[in-house]
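Should a chain be cited, it is by its letter among A, B, C, D, E and F, assigned in written order, with residues numbered from 1 in that chain.
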Amino acid sequence: MAKKKKSELSHFDSAGAARMVDVGGKSATRREAEASAFVAMSKKVLTELDKNPKGNPLEVARVAGIVAAKRTDELIPLCHSLPLAFVDVRMKVERDGILVTAVAATTAENGVEMEAMVAASVAALTIYDMCKALDKGMSIREVRLERKTGGKSGDWRRK
Amino acid sequence: MAKKKKSELSHFDSAGAARMVDVGGKSATRREAEASAFVAMSKKVLTELDKNPKGNPLEVARVAGIVAAKRTDELIPLCHSLPLAFVDVRMKVERDGILVTAVAATTAENGVEMEAMVAASVAALTIYDMCKALDKGMSIREVRLERKTGGKSGDWRRK
Amino acid sequence: MAKKKKSELSHFDSAGAARMVDVGGKSATRREAEASAFVAMSKKVLTELDKNPKGNPLEVARVAGIVAAKRTDELIPLCHSLPLAFVDVRMKVERDGILVTAVAATTAENGVEMEAMVAASVAALTIYDMCKALDKGMSIREVRLERKTGGKSGDWRRK
Amino acid sequence: MAKKKKSELSHFDSAGAARMVDVGGKSATRREAEASAFVAMSKKVLTELDKNPKGNPLEVARVAGIVAAKRTDELIPLCHSLPLAFVDVRMKVERDGILVTAVAATTAENGVEMEAMVAASVAALTIYDMCKALDKGMSIREVRLERKTGGKSGDWRRK
Amino acid sequence: MAKKKKSELSHFDSAGAARMVDVGGKSATRREAEASAFVAMSKKVLTELDKNPKGNPLEVARVAGIVAAKRTDELIPLCHSLPLAFVDVRMKVERDGILVTAVAATTAENGVEMEAMVAASVAALTIYDMCKALDKGMSIREVRLERKTGGKSGDWRRK
Amino acid sequence: MAKKKKSELSHFDSAGAARMVDVGGKSATRREAEASAFVAMSKKVLTELDKNPKGNPLEVARVAGIVAAKRTDELIPLCHSLPLAFVDVRMKVERDGILVTAVAATTAENGVEMEAMVAASVAALTIYDMCKALDKGMSIREVRLERKTGGKSGDWRRK
């Protein structure tokens, strides 16, 4: 049974050393994933954001998240390179912070969960960077996968 | 007063458009920063980690975090490029997940808060990537700055 | 009618925010593009180029353009990553400067116009870099698409 | 005399092969450079830009230019790596196109002309990318250095 | 006959200038390659490696090799970008050094020989970096292709 | 004594985990390093090289080596980022192959041994790539440091 569980951790070979999973036998199908991150900030910082006439911090963060998604394979060592068909990053100003939502899609042999996670993380980090002069105490809460579709393991949605 | 607050958001010029802050007049002094991230995971996933004889997922994540810190300026649009004197990423297995701590240091005109934040985030994302086959429901909680030293704004420590 | 025109700007979503176009429904067909740039320089600088026995500035610039084409998706935020089947950069010494021509090709869901434009631009910038010690007043004129073939919008050729 | 002229092309060694100039003996002083590029477009495309409520194409292009400036040494083979103290990219909508102006500054052993040229070029290419669905015939005209200050060769300004 | 031989050097066009080979007419089939490198080191350095309880230098080097393989097209100017289906790097401690073996695989229009060669080289360089404080005299011997399968030129195995 | 030896392996912390060495206390002085690599090839391949009128494979390889040196910190996980003052790559055609020599220099807190090693390796790999159509059996022999000057450990020269 220990053996069975180890095989589930597909990034590990039989000797326990990390390697990239071989996706050569998988089929290239449409796969999507959505991830989110929440940048918690004080009312003071949020108010400043609202006053900014062009909403730029969020726009710069959106661009940063989209660009980072395309470089996921450089950042996450055992991630496969894949051509993204689509990436989008949205921001929603909430009462106590900014909710970042990232969607990624591809037609490839493997999923895009990490691309969505990276896009949400880097967009959130960029918001932090652009507002940290006002409050270094902000934090990025709950970077997490919301849903994925396609692939052998099928659809998944956070409960 | 609104004007005074805007000047605090030093990434923005007088017209409200984002730009990189000019650090030309700042002095090159020793600066350090420490950030943390927490990867929450079920007992089942944690137990599998413990059984792995070489502790590899955490070692791969440490390397990923260190390498990412050196590329912070590529990921965060308005961050300055700077030569890091030091980066380290540590992992601590806790009861309900992994605590990632990243430290960065430099002797430069600007701080290394973002380098520490990026190192902690990418290390946490790598742990997620390597364990997601067991549980996609894991989340990255509380990516945050713990402390910084040096620079004009002085020392800061999370309360 | 305003709505119709907005949909033509396919990089923008319905709310006017920039995003990457979803190419998931497009078919992977052969696509080619050719772009050019002209580096205008004084007779003095051109003569020096001619005297150089190995023609190196142009050869370094050709390599720079080819390498840059492969990184187009990192430079242009909303560009898709795609596997280039072919890139070539040619130089032609003319009476008042250097004409750079770049060709890119792929079999993919989207076009390679930007890859050809980036290759021509970076090759021209490299020529500028290597000759600017002689004359900083050189300029890069007319970076432009010359033709494209393939894809839903069909063939196009500059008039 | 031919020899004297060759030594002016400081990227070339005595045998005519390209190499990176040794800046080890130079002093680290404040250096600035400003470059510009002009994206010529039809009135139709310009009008669409104006109608866009958030001015996003120009904002995405500004971010792209700033990020690219930090990667100049990766794009231009014989350019030195240097820590930029400042980069800014501005857009001005004119009657027949968009004028892009980029400023870069550093305190280092070598100049930032190429950083300013790369920022202006990549911002202009990004505008082209985001508007090419409306008109592939747009062109990027006159990427050029406007002025530089600092360094052994002193100040320079386009006549 | 000279002409025939030149056509074998497929990276060169008819005028002898380097260019990227057009793989547009090739078919996307499974291709694999294996390369090796040997890091020769003194018994003293090897013994220190053995004593290290976690075997980390080799693990860091494995990660470095895997990540570098994915960036082969950025390092080798005329290499095509391709999505790797699989990369693995193994280490074997021998009597007078470390044998590094790298395997790469893809389903694409061109081979992965260079991806395997780059992975082996960068892993070996990383071992050198991590042990050079003990002995700068170590050397990397025999970076070479061991075998390749698939593609028009068929299978090949080192004699 | 075991403890003393461990401290020599400065990439490792007291618990044996890899980390980046803190160079904060070191002084920024001139440092140089020279490395070499030898690409062994059959007479047949060498003759083809000689016949090529422009000597391009070696010129492309030189550019590749110079560009790679500037990205050493991205390839070698625990290497520091540093601004190179100078890089050069030379080729010498010998009886049974090509000797690649790379020199790197900086004024920084740490040495440039790895920058020289990476430049020599990537130049050699590029030669392999450009000639492998003629003979896959070529190998890269003896990538090694030839000498270094400057820094706390002083000068070193291969015996």
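Here is the rule we use: a residue touches a chain if its C-beta (ideal position, glycine included) is under 8 Å from a C-beta of that chain, and two chains touch if they have at least 3 such contacts.
Everything numeric here is computed off the predicted structure, so don't read it as measured data.
Visitor: With contacts defined as at the top, give the pair, A-E or A-D, that has more of them.
Guide: Most C-beta pairs in contact, of the two: A-E.
Visitor: Among A-B, B-D or A-D, find the interface that matches D-F: by residue number, over half of the contact pairs should be common to both.
Guide: That interface is repeated by B-D.
Visitor: Just curious, how far off is subunit F from subunit E if you go by their C-alpha centres, in Å?
Guide: Averaging C-alpha atoms per chain gives centres 16 Å apart.
Visitor: I'd like the Å distance between the centres of subunit D and subunit E, where a centre is the mean of that chain's Cα atoms.
Guide: 36
Visitor: Hey, how far is the Cα centre of subunit B from the one of subunit E, in Å?
Guide: Here the centre of subunit E sits 32 Å away from the centre of subunit B.
Visitor: Which positions in subunit A touch two or more other chains at once?
Guide: In subunit A, residues 17-18, 54, 56, 59-60, 63-64, 67, 71, 74, 77-78, 83 touch at least two other chains, as defined above.
Visitor: Show me, using the given definition of touch, all chain pairs that touch one another.
Guide: A-B, A-C, A-D, A-E, B-D, B-E, B-F, C-D, C-E, C-F, D-F, E-F
Visitor: How about subunit F: which of its residues touch subunit B in the complex?
Guide: Per the touch definition, subunit F meets subunit B at residues 13, 17-24, 73-74, 77-78, 80-83, 108-109.
Visitor: Under the definition above, what is the set of subunit E residues touching subunit B in their complex?
Guide: 54-56, 59-60, 63-64, 67
Visitor: Per the contact definition, I'd like the list of subunit D residues that touch subunit B in the complex.
Guide: Interface residues on the subunit D side: 30, 59, 62-63, 66-67, 70-71, 83-90, 105-107.
Visitor: Mind listing the subunit D positions that touch subunit C in their complex?
Guide: 2, 5-6, 8-12, 16-18, 48, 51-54, 56-57, 59-60, 63-64, 68, 71, 74-79, 113-114, 117-118, 121-122, 124-126, 128-134, 136-145, 148, 156, 158-159
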